[in-house]
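As written, the chains take the letters A, B, C and D, and residue 1 is the first residue of each chain.
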Amino acid sequence: MGSIELLILFLVGTGLISYLLTKWNTFLGSVFTIFSVMFVFVSLAAYGFNLNLDETVNYLPGISFTQTYLGFYFAIIIVFVYLMVSFFHPYYLNEYKYKDSYNLLFLLSLAGILGAFFTDSFLNLFFFFELIIWTTMFLIPQGKSREAAVSYFGFSVAGSVAMLLGIFIIFQNNGNSFDIATGLAALSGTNAIFVFVLFLIAAFAKLGSFPLHIWLPIAHGNAPHPFSPVLSGALVKLGAFIAVLALIRIVPATGMFTAMDLPIGQYVVALLGSASIIFGTLMAIKEDDAKKLLAYSSMSHGGYIIVAFSVMNGLAFAGGFYHILAHALASAGAFMAIAAVARVTGTTKMKELGGMIHKMPITYLAYLIAIISMAGIPPMGGFISKWLIFQAVINKGMVFVGIAVFFGSVGSFLYVFRPLAALFLGQEFTEYKGVKEAPIMMLIPTFIIMGLNVYTGVFPAGILQYINNIIGELGYTGITVSTYAINGSNGILNPALISLVFAIGVAIAFVIFILLKKSRKVDLMDTYTAANFVHDEHLLHYSVDFYAPLERLYEKQSNWMTKFYTALAEKVKELGRLAKYLFMSKNMATTVFWIIAILLFVLGGEIL
Amino acid sequence: MTNSINNLELVKELVSKTTTILKEENIDVQQLAFEVNTCDIHHVLSVLKSAGWKQLSYLSAVDWPDENKFEVVYILFNWDKPVYVQIRTKIDRENPSIDSILPIFPGAKYYEREAHEFFGIAFPGNPDYEKQLILEGWDDIPPLRKDFDPSAYSDRKFPSREYPQDYSVTDEKNHSLEKRAERKARAERLRTGGKKQ
Amino acid sequence: MLSTKFTPKNKMTKAEIDRKWWEVGDYFRRNSLWLLMYCTGCCAVELPPSMTSAYDMERLGMGPMATPRQADILLVSGYLSLKTLRRLIYTYEQMSEPKYVVALGSCPINGGIYHDSHAVINQLDQYIPVDVYVAGCMPNPESVLNGFVDLMEGIKQKTMNGWKRYHDHFEWYKENQKNSLGEVIVHDEFHQ
Amino acid sequence: MTIVNFLIGVGIALFGFVLQTSIGGINRKIVGRMQKRHGPRWYQEFIDIFKLLSKRAVSHGWIFDFGVIMALGGIIGTAMFMPLTNQILAFSNNGVNYDNFFIFVYLLAVGMLGMAMSASGSGNPWASIGVMRALTTMLAYEVPFLIVVLTIINLTNQSSLTGIMEYQQMAGNNWFIIAMPLGGIVGFISLMGMLGKKPFETYIAPAEIASGPMVEYGGKQLGMLFILHEISVFIEVSLFVHLFLGGATNIFEFLIKYFAVYTFANLISNVNGRFKIDQVVTFFYKWPLLMAVTQAVIVIYFGWVI
């Protein structure tokens, strides 16, 4: 079934079936969900790579589809993350209150995603966006908190409204047509600037970038454990999609920085992306909840994507697109590992956990590989994308962006290490003595993602060639890729060689290790304690306020953004109370008066 | 008024107004000792605390086996008027017990535990005065009582080295002037770096 | 004349090979002795002069180390109270083998001036094996260094086998420890 | 790429180990003389390492061992990419050199990650504190250093070390420590941080946190970490030589420059005290970062290079 529309209809249909099935038996419904997502993934993968999907089937009125490399690239990554996460459902759904609707909403949001990436009209894009927002909004509060959903919805709506306004401007500008390709091409002058800004607001809100990031840790931290990987690995990438539309396809006629050969608008966006990187890194270092920490890391990586798309050359775009893939895999892997831990321990707070490695070694490895990729260290995918972005930034001579990019890269090393040390390593807590490794069905996606993280780091050439198609589609020249090596603007990188050399190094070290005298195995509690007899493993586990000396340096400045938004929320609430007081008074007559007044006002405009 | 002579007068006046002083002792220009009745201890301490002697420097006991008494000593210090005040009281040596001063000086918790450990004095009012603090796994009578014989305890508990007879020095020549002069010369040589003067 | 016939070399047994390697290791071990200074008593003041410019311990390849895992020598400097002895035994057991014990001053030998105290033990080698004693109250830096040189010589002669003795006579040592200390590892309320 | 290239790479790693271990020993002697002592033998460091390898160690579980192997492996791998001179370089193919600068920064990080993992896996809080301090120090020194390197790469349009070396050796070009004096100073200060020399020795701090990450190691694991340390010092000092001192055209030039840089760093280290960890961060983000950015702006936007 290679038709996009049929796939969407299929998802809606299976959603309803899985609703009924889940009502009857949770496990069965969840397995059904896995198979439906798998079907969609396989169809996409079978037909989509060369854009052979069928666009002619047309049952839905007013909705037509077109295929682009760009849309397909996003779609396949996100569907893949959905597929991987759906393996987790059978083990989690029983905890949730409205478990029967969980699978339905999950499949519906996937339908929305397919629609959003393949549609050819702005209005449908907006419609599918709303579908995604509304379905996910009901998924998030299944975790713990309703506030999370409110915060997520608030920022999403702000983004949608901005996008809608932008769409209206394009609609007016393009001779009353919602077509995406012609609409973006026809923009010029002030209209272009307006649409640029409005679309970027939408992109920043979805991506959780610097000024609009507050919802990200709240929603990620409180979402259901299996949904966090989707949020971070897949859904924030919608923002990247809009960012591509805005940053690459609209070039507003602002001035140019000749030193950097970059439009001012793009440079300002790059600076905002840099702020996002630095802010996300600092906040992630401070965070105690593992999921919130990873959420802030998503914010920081969103900053990388924005920086990559605002440096106007093919190298940076390749880095940006590759980073989307690498971060989706890394972040999904990390969140899934945390979810597996949370399933057996019931908490994601780092100060309550420790020594899980002895019980869950495979989950530990999955997390390790994911964070190596996230920190951009060689044998994993994150290194390739960061290297490409560095090349572009250095080549353009963007010093201040460079500070942020390097800071984020080293800082990511700090914050990803913290859950590793606090959750998995360190002393083994007595309260978790009985826990077991995740079941085999949850380990399947873990292994697949581990493998892909390594694959993207060792053999990036094939994927980069595909990305070259996208870049070509956007009107830029791609990068030079040979079988093993990537050519940057000022150097050449051979990831396979690096991995091989690393493997040789490890082999040498292993031989040295094996040849020497065998060591004596001792207990974890038998450590150097300055000769004190310590009998409580909690006293020997250093995880609370891990980076305390560093945190102290920016403690005072850390929550001014939250304060700003809290104040804003208070103001909005006051405004709402005023409106309520004016319009919703108990007196029926007042309400009727206002309704009539507004009707007259609207109709009057029409009549005149 | 930081003159310590005046401060001494002040303390004397304060304490004598508060309670009957059994014995008084001027230890030095900054230290005074009063012996009071056991029942007055809490009163005296609280009066002194409110007068500025806020710091309980030490709490311990002295064993007087001849009188069959323990003397409990509280040492207070005032940071504004630098005078140490010792408040002493004698309690019975059989079943020694004195009420805890925890409500007045919360820091006395560990001093009282120490006093219990070394003298066996009970401090009702201190919830864990019986817990071990310093001596780990002690199995004898409290060690600072005068009737405890540390030497016998040491002989019993810790094996000592037994020297064969020929290890001990019997040769008188070993201490002769000759050897001493030789040692002196060697030290001199070392000091001057081997140079003859 | 070279023979083409295959002649088996007289092979060394595994024990012999091990012994050869051990001798090679001994060379390294005696030239790089790292100290764990358990500054239990007053003899510790003799260590700074023996480490710094005046006597320069580093020329013998010796130096202070931070933790028992890294160190080769457990340096007991001075008297040992009961509380300290517990921790000393714990530390000694944490060290990696081969390990040596050097005791400074007269207190570990026979109790010294604390021979009749209720809190200080009299003879260290009843509890852990001591390889070198340096007598004196306190021993001056020359004798401290002399003690270390003796230790090196002893390692060369394979007489410094304290850690092996501790393995072989483990029950005997434990018995002595138990008699004097009760339990070695105790619970205290501050580390529960 | 043939097997010969890999053998050369392993040879370079071995050479780096021997070189740094000897020079480290000689430096201990120099420091001894400076402090009016006799000092140890020059081969003392070899004795130390082989002694550690001969001892019987303890192990705290598989991650404790695996981390050490991964760390040493990562460092050996990094050292294999290091060029010694223009010609002596393991991986080059028809004029294309695979010694990209970022490999050194990030493959080195694998080693650090392995060591941090293993240290935390020992379950000792001192080790975790040491790791925390090491990572914080890394956050401090990397950014100014990378900004200077950004300037260099932007200027030379090369990110391969041999390329940067050759650029400096070309007639008319100065060594970058002369061409970009501010950048050179920043590079040296960052080098001190990388080497963990005083005043940036905070994460070892033997008297304070019991030698930090290394607290639980003894015997072979500690010996392997010593090897790791020697090789990583070799990598870091060589990076400085190649980036700022014009690299080397023959091996003797390399040895002289290497010895000079390491000895200079060591001498500075020996007359300094130790910073607190937050002082390290504020120090690096004050003057070195400012100097690095000034240098970058001068070079990139004004084009003033001596």
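As a convention for this text, contacts are C-beta pairs under 8 Å (C-beta built on N, C-alpha and C of every residue); 3 or more make two chains touch, one makes a residue touch a chain.
Nothing here was measured: the structure is a model prediction, and the numbers come from that model.
Averaged C-alpha coordinates give centres for chain A and chain D that are 35 Å from one another. Between the Cα centres of chain A and chain B there is a gap of 68 Å. Look at where the CA atoms of chain A average out and do the same for chain C: the two points lie 58 Å apart. Those residues of chain A in touch with two or more other chains are numbered 520, 526, 528. Residue positions 54-58, 210, 215-216, 219 of chain D each touch two or more of the other chains. Among the residues of chain B, none is found touching two or more other chains. Chain contact topology: the protein chains form a pattern that is neither a line, a ring, a star nor a complete graph.
Chains touching one another form the pairs A-C, A-D, B-C, C-D.
Across the interface of their complex, chain B is touched by residues 82-83, 86, 109-111, 115-123, 126, 176, 179-183, 186, 188-189 of chain C.
Partner chain C is touched in their complex by these residues of chain D: 28, 32, 35-41, 44, 47-48, 50-51, 54-58, 206-207, 210-211, 214-219, 222. Across the complex, chain C meets chain A through its residues 67-69, 86-88, 90-91, 94, 96, 185-188, 191-192.
Residue ranges of chain A in contact with chain D, taken from their complex: 259, 355, 357-358, 361, 368, 372, 375-379, 383, 387, 390-391, 393-395, 397, 399-400, 402-403, 406-407, 410-411, 413-414, 417, 420-421, 425-428, 485, 488-494, 497-498, 501-510, 512-513, 516-522, 524-530, 537, 540-543, 546-547, 549-550, 552-553. Contacts from chain A toward chain C in the complex involve residues 520, 526, 528, 531-536, 539.
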